[in-house]
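You will see chain A twice below: alongside chain B first, and alongside chain C after that.
So, the complex of A and B:
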């Protein structure tokens, strides 16, 4: 698992690559939380390079979403592969987190 | 490391050493770096070591009455294997020095004692002791962590049903194969009024003790609520609200819950963000029942979980499973997926819930081969025979 970040006009884009499972969920949580600064008003997690996410990983996404919501910052996911989109759909996470087809759409949204 | 106070036992039959140590090391003692204790032979030294567990290091002469230093060296580890010993020998007495080293002495100093050298030797020994203690503490922490995981795993095992109801017209069997690290899957079978049974399968996010506690709550709340209400939608709505309160850690559980009536074949179900089950027909074909509204439990309050109703026909099999089944991986990185699960039931006709359930595990294991299992694998099977004619 690797996270690469860049900022575009006050929006943080975190590209998550590889696998997130129970073995590295803590690492994922720490990496993602420390990448986000208090000034970020919009955070987009780009999952284009994500090959697998377990429920431990979903929990991290939920934690980040809750934290950002508590300080009125926006959070969205984009570019989910078919199977990962399915995980978000089955668990119902797509109902509480904005999901976009591409990074451009997420930036526009 | 100099801040930590270390206790050193000095052993010599001649009073000179005690006197010299007290005098030459007085500043170190006053600074609180070392504490000294004194003994005059090996026997006395062992008595002190037995009484005082705080001694870190022994500085001992070799030639003493009653019990000499070399014999003492052999005895010290029996009292405490973590004590380090330094011997005081005559200059050039290589034979005794070698014997002492072979018996586990950490270092040696020679007579007449050069106190500058003794101080360096003591510090070096104590530095080693401090590192050694750190290592021991880390090891203890690791052991504690392993114990904790063991507790979590026992909690998980303890909530799984071991008795399966043998009801007229239907058979139920479930099993969970835990991943190496503690996972969060569980299933439950609840006996309800009028011969109905509640069937639940669930997957808690995350692992370890907090997740295991969350699992216990989920299961207890489900059981308690299920007994009082025959409507799966309302049951999940209530369990969700209860779980969501005080859930700072943002844990959640995906859960499919159904109430089955063997008398009529009626199956009412609701889904909290879990993988939908499959229903296998007697000809081996399988379908996924219509989806209902809901999300994983514990995330947000006031979610309305809808329920749906279908009727099973005699010979139908209901298969509940967790993503450990469909996401099991093989060496090529492919996932087991639903198609392979369906294939297990298409390949043979099953007239026994236990064997059908086991066939799923066999197929997953055969598929995964040597690839390590990352997640718990859980499957619960209901075989409906229908009422006896």
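So, the complex of A and C:
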């Protein structure tokens, strides 16, 4: 698992690559939390390079979503593969987190 | 045509790497669609992590046995462990899937994912072991 970040006009784009499972979820949580700064008003987690995620990764996404909501920052996910999109749907996360088909759509939203 | 494969893992989280490698190898050998490899990996990770974390109170010296039987239209997975009794069909609450972000509890989604992804499940407790049989249709 690796996270690459870039910023565009106050928006943080965090590209998550590889696998997030129970063995590295803590590492994922630390990496994503520390990539986000208090000034970011919009955070996009780009999952184009993410090949696998389990409930341990969903837990981290929900924690981040809660933290950002508590300070009125926006949060979105984009470019989920078919099975990863399914995992978010089954968990009901598609109803509480904005999910876009592409990074461009997320930036426009 | 059916093929059976038996795998054994210790009750440790660092066995997950070996588990996912074994599932990938099996999927490749039997020509599973990539989505099926993902789903089986997800289901087994969630169940194995539950057994490791809750079944033995963190004791790493137990064994989990996983048997795969592959047929043309379905995959049958049998999971056997000697941890405390746990029936994934009844013993895990249905998670809250409707609240707003602020009220959504952290965790509790693993077994829900398993129950949703798997097509049929049978649980029995026998000889102080949990026996979980799961059937996943190959057509998704």
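Rule of thumb we're sticking to: the second predicted complex is superposed on the first by the 109 of 109 C-alpha atoms of A that agree within 3 Å, B and C clash if a C-alpha of one lies under 4 Å from a C-alpha of the other, contacts with A are read in each partner's own complex, and residues count from 1 in each chain.
We adopt the following convention: a residue touches a chain if its C-beta (ideal position, glycine included) is under 8 Å from a C-beta of that chain, and two chains touch if they have at least 3 such contacts.
Note that this is a predicted model, so its numbers are computed, not measured.
Novice: With chain A superposed, do chain B and chain C clash or fit?
Specialist: Overlaying the two complexes on chain A (C-alpha atoms) leaves chain C and chain B clashing.
Novice: By the touch definition at the top of the document, which applies to A:62: first (chain B), second (chain C), both, or neither?
Specialist: So A:62 meets both chain B and chain C here.
Novice: Please work out whether A:4 is in contact with chain B alone, chain C alone, both, or neither, and reply first, second, both or neither.
Specialist: Once the two structures are laid over each other on A, A:4 reaches no partner at all.
Novice: Considering only touches as defined above, state whether A:96 meets chain B (first), chain C (second), both or neither.
Specialist: So A:96 meets both chain B and chain C here.
Novice: Looking at A:21 after the superposition, I want to know if it touches chain B, chain C, both of them or none. Which is it: first, second, both, neither?
Specialist: After superposing on A, A:21 lies in contact with both chain B and chain C.
Novice: Could you say whether A:83 touches chain B, chain C, both of them, or neither, answering first, second, both or neither?
Specialist: both
Novice: After superposing on chain A, check 27-35, 63-71, 153-161 or 279-287 and name the one in chain B that bumps into chain C.
Specialist: 153-161
Novice: Of all the chain A residues, which ones make contact with chain B and with chain C?
Specialist: Touching chain B and chain C on chain A: residues 21-23, 52, 54-56, 58-59, 62-63, 66, 83, 87, 90-92, 95-96.
Novice: Can you name the residues of chain A that touch chain B in the complex?
Specialist: 21-23, 25, 52, 54-56, 58-59, 62-63, 66, 83, 87, 90-93, 95-96
Novice: Which residues, counting only chain A, touch chain C once they are in their complex?
Specialist: Going through chain A, the ones touching chain C are 19, 21-23, 52, 54-56, 58-59, 62-63, 65-66, 69-70, 82-84, 87, 90-92, 95-97.
Novice: Within the complex, which stretch of chain B touches chain A?
Specialist: Going by the criterion above, the answer is residues 179, 181, 183-184, 203-207, 249-252, 254, 272-276, 294-296, 299-300, 323, 327, 335, 374-375.
Novice: Which residues of chain C touch chain A once you look at their complex with the stated criterion?
Specialist: 13-14, 16-17, 20, 34-35, 38-39, 41-42, 45-46, 49, 95, 97-98, 100-102, 104, 106-107, 109-110, 112-113, 116-117
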